[in-house]
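Each of the next two complexes has chain A plus one other chain: chain B in the first, chain C in the second.
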Partner chain A sequence: MLKFLTSRESGSSDPSLLRRAEVTRRIYSLELSKHRDIEKSNALGVVNALDIDSIENRYLLSGGGNGGIAIHDLEDLPGEDKLRYRQICHIPNSSINAHKRSVETVQWYPLDTGLFTTSGTDKELKVWDTNKLLPADSYSFEGIIYSHHMSPVSTKHSLIAVGCEKSTIKLIDLRAGSYSQMLKGHKSAVLCVKWSTRDEFILASGSSDNGVLLWDIRKAKGSIMSLDQHNGEAASAHNKVKTAHNGRVNGLCFTDDGLHLVTFGTDNRLRLWNTNTGKNSLVNYGSISNDGRKSLGISVTTGNCPDVIMVPDDSNLMLFNLHEGTRIKILRGHYNQVNCCVYHCDKQELYSGGNDRNILVWLPSTDDVYENCIKINSKEKSNFTSRIAATTDTWSDEDD
Partner chain B sequence: MNRKRSLLPKFYKSKRRCLNPINGDVIDHFEGENALSINDMPTDTSFSLQYLRHQFPVEKFEHQIPPIMMKHQVYSMVENRTIVDKHLNDLREEGMIKILRLGANADELCIVYTEDYTNHCLNIMKDKNIETSIIDKCKETILKTCKDISVDTETLMKDYLFTDKEITHLVISSILTARDIGSYWISIPNAGFFMKTFMKGRKVILTMLRRCKYKQILQTEMEQRKWPKLARLGIMYHISDIIGGDLVQRHQTTSGYLLRLKD
Partner chain C sequence: MASTSASCLDHNLCEEMSEYIEKITLSGQKTVDESLMKKLKKICRISDIYVKHAYHLLMSTLEKDHAEIRLSCFKIIDELFNRSHCFRDLLVSEFQTFLELTVGINHDLPLPAPIAISRTLRAETLKSIQQWFEKFGEAYKKLVLGYNFLKSCKMVDFNDIRNRTLAERRREEEIERKKRIVLNQKLDKVLKEMTDMVPEIETCITEIENCLNLLVPKPDDFFILNEGDTDNDDYINHSALQLNSSVIETERMCTNNSEDPSGSKNSETNDNMPNESQVEDQSGENSDADSDNDSDMEPNLNDQTAFVSDFGLGTRKYNLDIKISSDNFVIQETEDNKDIFRTLHDSVQLARKKYLLKFTKWLEILTKAGENDDKVKHLVDLKSKLKTLVDKSVEMKLTKEAVAIESDEDEDSEFEEVPEKEGYEAEVPLYLLTATEMGLKEDPKKKRGRKRTVKDWTMGNTSTSTDDPTSRAANLHKLGITDEHNQPSTSKTKHSKSQNSIPIVPFGPDIECWENQDKIEKPMVLKNDSSIWRPAEFEIEKDSASKHDVKALTTRTFHYPGKFVPVSWSCRTPLPNGSLCQRMDREKCPFHGKIIGRDKTGQPTSENDVELKIKEQLLKTEGKMADWRDHELEKDIEGALGIDLGSSSSKGKGKGKKKNKKYENLTDVKEIKNTSRNRLEKKVFNRTAMKRVTSRLDAADYKRIRDKFGNQFNYAHK
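On to the complex of A and B.
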């Protein structure tokens, strides 16, 4: 790193080069944090969904399997040796307003932390006011909602795309207060929906019928394309159905620049697609086990040189090089299936939640040295008194 | 201390400057046919394929089948799977190898060298006394030029100029297998013979692993175990098959590679 620093000082290399190099090194050294964790929330059961707000990257919103919701502050670290992210507020599942069954997806409003949306298996989508912790609005659907998403880059619309058990995707307009559009094209339940990070009108959806469709919501008729895993070859004469996977598609993620889309399916494969042409880029990530009952959250890093994708593989998290497919690391820590993971781009931290009711924090291991130092310092202060306490005993030497 | 053990991205590792560039002198002195440029050198993938083909025990099958390799065996030999896929595709476009589908899964693809495949098919067709005209047509079209794993009837009839009767002959000699109404898989005649021993061998090796304590064994120890005669493909073939097919995990240890069964 000193080499990069000196070349930046002398001007022989671009300033962004140093940032990229250091960010990449930190991501490569991600490890389970020994000194930091997230305060265990009693509101959540199993952790189904996580989201970090995009305005300040400060608040972590989590949705649980029992219908509870919790918000943690990622900047507030009270405590001397054990640094713990505090829970600011929560909505327990006993509250009248909470979801009656599990919460499957949560998302902050992209422009303001005063609002967030949650949806779950009780067939309802709720829009919450953060300051009052009361639902401002609630929409009912006909089938359980697997996933919903609001566009992170939209300025012209505030539509929430909802994927549920029915095969049509409904778009709810927040300004109008009801659903405004239906997108028909899938043949069975839609398991995940995601808006493009580049274009505010492009939406991708993955479903149980093994297909992934790309929609432009301005187009009246239907989807603009269906992703085909074979890129048009190996199609038999009568069977012209294009499938993106050989199993249900339950994970979708756009890269930060919006040029690539990653899909995860129950055929244990991860595929990378070019969003403009719809072609399968044929990168081979190997076999990643996928149970497939509900949608899984995968995330892609930003700001580093080989892009890294984080995928839950049963109870581990795998880090892959996005464009080459080589496995960089396996993060072991959860006791049970990992459901979701979010990446904090400023601090290069990873938060993951799973069926073992834990939200784990993964830090670059270079940070551990500093934290170790803090721990040692705090221990030395209390060492004097504890030493005396430890050496006193109630045995007497004399024979009585 | 920590920095030495942690994973570093490529640009943080110290690079050694190359003092004698490989092709710098060579191209200057030898121009023309003798120059061996970087692009002509055989890739890791093709070397591994040739090694696998060499290992294949053709004698045990009484020369009834050509050397068949599974695509995932190459994954066990070369690190980066995407590069293997790319090189295999290049070889297939050039016409050196054929990639065909063998099992019920969409993923079980097998590789045969075009030479071996052509010789094998011609022998089979001669044995079954098929007319030489069909044999010649087949040789030119399917065996040499067709690069897909399947063909449909339209292509067969229009581009390759086969008639219905001739297609029936091809199906009889098992070069084509029915897929659904309009299309056929390209297959290897006598493949059933191979599949039987292959599935048996796979079962044997997995049972061996399952019976081990902790379901793991050192690779060198496994190679020395007794292997039944009926599974003719040989233990090395099956080891690279289970590693590449993701049925086991291979860990590097101080005593060599350790294979652990995936649950």
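On to the complex of A and C.
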């Protein structure tokens, strides 16, 4: 690290090098935080969806299985010990405005934290005013809404892509206040939709018909391409239908640069696609347990040397090297299924929510910085010693 | 502390470890064997890598589908979890699997049978998790998460568990406290009793001691007593005597045959002294002493010279060597020491029946209370003292006499020591009667002799018969003829004895009718199967008794008089483990067949045997592969029928046995399912059986219908 610092001072190397090295180190050392957690929200129940706002990277929005919504502040750590992210506001499921059933997707409005959108199994998409905590608008659909997404890079449109039980994807124009476009192409329920992070008109969708389609919303005819897991070299000729997976596709994620797309299917596979060519890059990540019927949140890191993808694997989180497919780490902490994870790109922290009603904080292990800090702090001394005592071996002498 | 210094696993230790784990988990007991557990912990202590190995072993064991295995396994896990940080780390990282296997949080994977055990497993695990959480929660985040998960998602009520454990603890404490109180009360009572009784006991001890001292002087006292021998009058008939030349000190003792049931008459018989071994001598010198001793003797003692000559001694200036047989030492009771005996007896009885029992009770309570060490010591001392004294007095038969006196009091000894009835004449068998002559023994001074114990009465002791006027000895006495006949008479007895020992064998009808065999009476068969009167001719039936019956009468069995010869050879067939069969059979080894000559390596020596063996082996292999039996086919058939035809019986027998042995301590889960209902269901709902029954019923129905309505159109066709 010192070497990087000096070389940066002398200007002998790219200034981003230090940052990249440090970020990589921190990501690689992610582990379950022993001392920091997120205030538990009774509104949530099972945690289905998480999102961090992209303006300040400060507010964590979470949607729960019982219809509640909560917002945590990731900057403000109250109290001396700075142990807990406080919940600043929440919408309990008992509220008249809240979703009647499970919330499946939540998303901040990409340009302002004054607005966020949620959707769920009660077939409603709601647009919320954050400050009033009241829905500004609400759209009803014919089927369960599995996923919706707003383009993070759009400047020319404010469309929400909605994937629901019906096979058509609807695009809702917030300015018009109704859906403006329908995208037909899937044969079955659309489990996940994602806008490209590169091109504001490109949309990807994964469905339970095993297919992943890429759309250009300017093109009226249909999808621009259907991703084929065999790259057109299918062994059996009779199978003309292009499939991305051999199971439902319930996870989608563009890389930060928008050049690659990661899909996750119930065939326990993760696939990396080139968004330009639509080719399967055939990276083998191994088998990752996935039997979900709804969308799973997967996320990709930014700004570090090898991109890392974080995927829920049943009750664990897996960290993979995106381009090589090697497993970096297994994060164990949840019980039961993990539903979603979001990566905080500034702090290199990871937040994950699962069916055990927890939102867990994964921090880079900081070489016992925290413990040293506590050691100095005399108030915590007794607490600290007891914790040390708990980690020691206690072989009693009578065992001899 | 366990160090991580050892970097590689020792294979032997690992195997040992898995062996221990297997032993513990297959024991089927609810508690873990402490010694095995200690051994296991000792291995784990060496290094963390052993802990890891143990963890993997345990987790794989935990997956077994048997609640008992899981329970024992969980107990080991609990132990190690409390000990090792490494183990905690590992377990916590796979905590969900652990919970699935022990608490059964996954509905798809319910806990295995037996249900009762799996319930305890669940309860115990939750209890432990509660404890773990309290103890280690701070350091292991995932443990806390798991705890919260169980609490919030699986609705496990930990508060209840904690409360319950608290309540349990309180209840235990309460019970303990009550016990303590009761014990204290007991202790107080005992201490009170002790203060009352200990002085009593001490006096009793001194009493017994004194009595014993009086009755049995210690050898040191003898010489002193010689001077003033009037003092030792109390020791009556056995007291120390001195002949006037006084070179030898003699002690006279009374052996068993000195007692005489009719001692009052013995004044006439005191002239037959020379009986060797048992001598009763009274010194003429000590006549004054003797006169006190024995009133019976008084007439004799007056005339000392006569007395001496009565003993067959010319003068008194002989040295007398008197052998004392120590094993039949009995102190006689007389008028003078009667009181001492009585007191001794009383106090010994008291000690035996009351004090010693009390002592054991007291000691029990005192040791339980765990206090008053010096008191316990004191008690133990007292007890041992009393015990030795009582033992001593019993051993010396000092009390026995007394026991006999008051036999009505002493119910315990009634069956052992029966006092002879007054005027009881032992019935002397004929052949023994002559022996009385040699057993002649005078017992001059037994007034109380009739109160003897049975023990004193032995077959050899025939001295009584001298007193019996009908006995030959008595007659001889009268005539003054003495012992010349002794020798022949003994041989005679022997002869008569041997005559008596010849067994008498009853002779059968064949010998009875030796000369005319036809006359052997056939056994009569009375056909008495009803109580109805019948004419006499029916009795002729006895003629028809078969030859068989006659034969049964005429045959005799003779027992083989030969001697048992132990087998001196062993089978010595080579065993698969390299040794030779060590069974020692006369003709045939149950495992290896007929015993044949073999050389050192166990190979048969004679060629015939070799050939036979080869043939046998061939037969065996053929039997195994019996050509008409096709194992696979049989198995298929069995699979289809669901019935065991025995195809596996010949093949996997050994294996099956072994398996059973391995799991014999565990409850058989299959056995639980094997209920009578299940077995019946299998039979009743068997497809073929069902088909058969329905077709029968259908046929019956059809027949009935056809018979009744056969001519109707509706039923014309089936």
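In this section, the second predicted complex is superposed on the first by the 365 of 400 C-alpha atoms of A that agree within 3 Å, B and C clash if a C-alpha of one lies under 4 Å from a C-alpha of the other, contacts with A are read in each partner's own complex, and residues count from 1 in each chain.
Methods note: contacts are C-beta pairs under 8 Å (C-beta built on N, C-alpha and C of every residue); 3 or more make two chains touch, one makes a residue touch a chain.
Predicted model, so just to flag it, every value in this text is computed and none were measured.
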Quick one: is A:Thr24 in contact with chain B, with chain C, with both, or with neither? Answer first, second, both or neither. first
Once the shared chain is lined up, is A:Gly333 touching chain B (first), chain C (second), both, or neither of them? second
Examine A:Lys34 and indicate which partner it touches, taking first as chain B and second as chain C; both and neither are also allowed. second
Is A:Asn246 contacted by the first partner chain B, the second partner chain C, both or neither? first
Applying the document's definition of touch, where does A:Asn358 land relative to chain B and chain C: first, second, both, or neither? second
Of the partners chain B and chain C, which touch A:Trp395 in the superposed model: first, second, both, neither? second
With the touch criterion stated at the top, can you tell me which chain A residues are shared between the chain B interface and the chain C interface? none
Which residues of chain B touch chain A in their complex? 2, 6-9, 11-12, 75, 79-86, 106, 148-150, 152-154, 179-183, 246
Can you list the chain A residues touching chain B in their complex? 1, 21, 24-25, 28-29, 233-234, 236-239, 246, 282-287, 305-306, 324-326, 328-329, 365-366, 368-369
Seen from chain C, its contact residues with chain A in the complex are 1-2, 38, 41-42, 45, 82-86, 88, 93-96, 99, 135-142, 145-146, 148-149, 152-153
Chain A residues within the chain C interface of the complex: 32-34, 315, 332-336, 355-358, 360, 383, 386-388, 390-396, 399-400
